[in-house]
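Order of writing sets the labels: A, B, C and D. Residues in every chain begin at 1.
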Amino acid sequence: MNSFFKYFSEIFHGVKSLLTGMKVTGRYFFSPGEIVTQQYPENRKTLKMYDRFKGEVIMPHNERNEHRCTGCGICETSCPNGSIEILQAKIDMPDGKKKRIIDKHIYHLSMCTFCGLCIKSCPSDALAWGQEFEHAVFDRAKLTKILNKPGSSIIKDIVE
Amino acid sequence: MDNAALKERILGLVPGAEFQENKQFLTFIIPPAKMHELAVSLKNEPDLAFDYLFCLSGVDMVKFLEVVYHLESTTFGHQLVLKVRTEDRVNGAVDTVCDIWRTAEFHEREVYDLMGIRFTNHPDLRRLFLEEGWIGHPLRKDYVDEVNIVEL
Amino acid sequence: MNFSLYDFTPFNQWIDKFLHSHMSSFWAVAVEMTIIGLAILLFYALVGLFLVYAERKVCAFMQNRVGPNRVGPYGFFQTIADFIKLMLKELVHIKNADQLLFNLAPFIIIIASFMAIAAIPFAKGLHAIDFDIGILYVIAVSSLGVVGILLAGWSSNNKYSLIGAMRSGAQIVSYELSVGLSLVTIIILAGTMQFSQIVEGQANGWFIFKGHIPAFIAFVIFLISSTAETNRGPFDLAEAESELTAGFHTEYSGIKFAFFFLAEYMNMFIVASIAATVFLGGWMPFHMGGWAAFNHIMDFIPPFIWYIGKTFFVIWLMMWFKWTFPRLRIDQLLTLEWKYLLPINLVNILIMAFVVLMGWHF
Amino acid sequence: MKEVINLPVKNIEEEEYHINMGPQHPSTHGVLRLVVSLQGEIVKSLKPHCGYIHRGIEKMCEKDTYPQIIHLTDRMDYLSAHINNHAVCLLVEKALEVEVPERVKYIRTIIDELNRIASHQLWWCSFGMDMGGLTCYFYGLRDREHILDIFEESFGSRLLHSYYTPGGLMMDIHPNFQKGVKDFIKYFRKKIKDYDDILTGNVIMQARTKGVGILSKEDAISYGVTGPSGRASGFACDVRKHDPYGVYDKVDFKEILGTEGDTFTRYMMRMHEMRESMKIIEQLIDNVPAGDYTAKMKAVLKLPAGEYYQRVEASRGELGVYVISDGNKTPYRMKFRSPNFSNLSALDHMSRGVKIADLVAIGGSLDYVIPDIDR
């Protein structure tokens, strides 16, 4: 007799647990307000990334097309993956001395792991995180970027 | 058991054990021939009861290859590090401890695969990560692989 | 009651007469069959495509998602796009597969479900064939599908497929019993196996209400076992994607896979329409005793809409099961059948017979 | 020419039926290959084949400086990336004898626990999916999204953060961090009931997991199965309790131990752990002391020659970092004792004699992350 009751209580508890589960899915079925999907390409206009978002490494330039990079190469050595290459150039200073300045700050986005060590280690705060996140391109070569804009120069008050 | 008593106890078990200075753990270098015997007593002696092997690593010290055992007793909480050295870089072999601590089976396969230290009496000593027929043991200091290792 | 409003019988008879008056009786029958065949084919394809869409939408809403919404309004043409994609896909040639059986299996499955649909009454006078033993025919034909699954699993020369097929064999053979017995319960109440008469018998109340407790139990058992018979979750052991990747149709691609896919949904449609016909009154409108005005309004809704509405309600229930429950294990599946459903079913038949005998039904 | 293979004639009853689960299989959660010998549906034995995603992190570490190593540890157990970072940071701080500010300890503990919840949420949904309940997957991911949003706001990335540095943190937490965490806890306390309703209490789920894949306490210790899986067998292995780091010694939380050691207990351990983690966060979130977000560190970190070992409780078990330093800025040898690696070694023992479906459930309850096994 005991096992008889056990048999039916098993069925009862089983069905009850199944109905509890169905209650959850049923509730969500009838409450479309809880849908969490983002309609991505449509919401591009309103989509705002957080201000700390690590999209890519950029070199901010001011309105006079000046940046803060001295070309010291600390970011190059601190990068664990070799995604930064710095090409230096020598220019003649007005006082006759030769000075090294940055020629090209090459950034391989395809090798970057977004660890942030270059930005953290930069002594003159020349690098920053950019908000761009749509990095898909058809040609891999496009992922190699030159961060200093053509014709840009260093801000005057930066000293090495 | 505190570290001083434990040290006496280990030296009593294996007179040839060499004590090594280490800030964190009590460390001994054990002659390879004695290792298995010591491991059995460490596991089974009721006052030692080292039942938890929490790390087993292979180290290439260039002069010799080394297997490091990190042991803990879950009942007493004391910890111990044992090291076994072999100077033979081709056929260097150490007795397996996977009959004592089962976790050693995988760890020893890993060490064999990447460091090239053989373990005698291991039930299934095959390469774990790399494919069979891979030449060389990548974690050794003298390993060269011009294709896969890119120097920055 | 007045069903003449939406009765298809005069229409059918008119076509019949028209054809016979213009050609010999052999050609008349041939033309009729072709018309019916094409109509069912069209219906089959439309329902299949819609059900795939419906399932994706239903599961999306249960999972806090939007579901397909790119192709057409609300993604309505998504399945058509999918269908075109499947048509264009390469048919992968399997080395060492039994080519004949491998190619035959999807057709067996789809023919089995195709045959079953012939006996189902969609509205008064709107059915391909009205057998005396309609229920028996549908049960017999719908269980043919397992042959296709077994052949698919065996001929694919894939270990996952074989395991899936064997599971499915054990499963369908067991659950066929429960499906049959739960329908027997209603046959006792209805006193007939002819679908048209079963529906007519529900003019004054659906069997699930007329037979109250035993009919309700039979309905629940039918739902469970027919879900199992159609290989749908939580009984989708033959596919069991987390264990057997895709079970019996692992190796199929392109249009052959589409056949399996379509057949799964059509099987679901068939069992749901049997449930709707046998338990929920088929194309009979919903009537409340004594509410003449209400009943009159209900009569104006066409029977086909009633039938489709009820069927889709049952399908929705089955989707609800699938998207809520985890999958059973093979031994638990058989335990459920042999230790729970079958004994309850047998006792239930006894109760139903007793109820009918004593006239305790409504 | 067709190759003719002469197979030895065997009795078909004795012949073993091998199937390859993986490297591409839905239930192995990655590129793990399990060669399973079957008799009918019953698993006779299985051999894991690893290495499909082996990247040689230990070898790469020998070339990298200590701050650079952090970003590699992210990529081992990517679901508990912060905790992996924590292990290396603690080790470097211990070796250099740096005292990190209290604020850093508090923040690290909170973030570790958030990471643990996020990891367990992903485990829950993938476990549900392994069991065949696909809806679980979306509920778990839906709730995990809130944690990832908090992470993204504070550290800029969602999965691989590299947020801890030796001596402190990359940057201070975002001003909205505390509010976001409190909102999340409030939200998740409601939503975790859904988890119980839809899966924990479900009769099918219980029938499939109770008494399946039993691992005794002795075996758990011997196989080195740690974390929630080990605690389900009664192995008190919570590093947060026994070897506290961060501010775990200041908070009140329970180390919940199971007795059965079966799949269901492992499941329940993680469900309890999510609640315990929420409790820890609630105790800390309002008491984060003000101060600096990093200790003063040298530009180049050189560990004194010697050996160092640091263990932390990652979300899947005990993560150990073993470093041999020769006094350079790069380690001489770096070894990660990853929890999943040891947990996987017990899979063969646990799954002998169960059915394929149970094997999937056991694998799901062990919650292995393949990059952590392979490293």
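Everything that follows uses one rule, which is that a contact is a pair of C-beta atoms (placed from the backbone, for glycine too) under 8 Å apart; a residue touches a chain by one contact, two chains touch by 3 or more.
Since the model is a prediction, treat every value here as computed from it, not as a measurement.
Fewest steps needed to get from chain B to chain D, stepping only to touching chains, is 1.
With every chain reduced to the mean of its CA atoms, the largest distance from chain B is reached by C. Taking the mean of the C-alpha atoms as each chain's centre, chain A and chain B sit 41 Å apart. Averaged C-alpha coordinates give centres for chain C and chain D that are 45 Å from one another.
Separating the centre of chain A from that of chain D, both taken as means of CA atoms, is a distance of 24 Å. Separation between the centroids of chain A and chain C, computed from CA atoms only, is 51 Å. Of all residues in chain A, those that touch two or more other chains are 18, 21, 24-25, 36. Taken residue by residue, chain D touches two or more other chains at 135, 142, 198-199, 202, 204, whereas all remaining positions touch fewer. Residue positions of chain B touching 2 or more other chains: 152. Against chain C, the residues of chain D that register as touching in their complex are 17-19, 25-27, 41, 128-139, 142, 198-199, 202, 204-205, 207-208, 355-360.
Across the complex, chain B meets chain D through its residues 22-25, 27, 51-55, 57, 59-60, 68, 70, 74, 77, 81, 101-103, 105-107, 110, 114, 128-131, 138-139, 149, 151-152. On the side of chain C, the complex with chain A involves touching residues 58, 61-66, 69, 320-321, 323-325, 340. On the chain D side of its complex with chain A, the touching residues are 64, 67-68, 70-72, 135, 142, 145, 152-157, 160, 162, 165, 170-171, 174, 194, 197-199, 201-204, 206. Chain A contributes residues 11, 18, 21-22, 24-26, 28-29, 32, 34-37, 39 to its touches with chain C in the complex.
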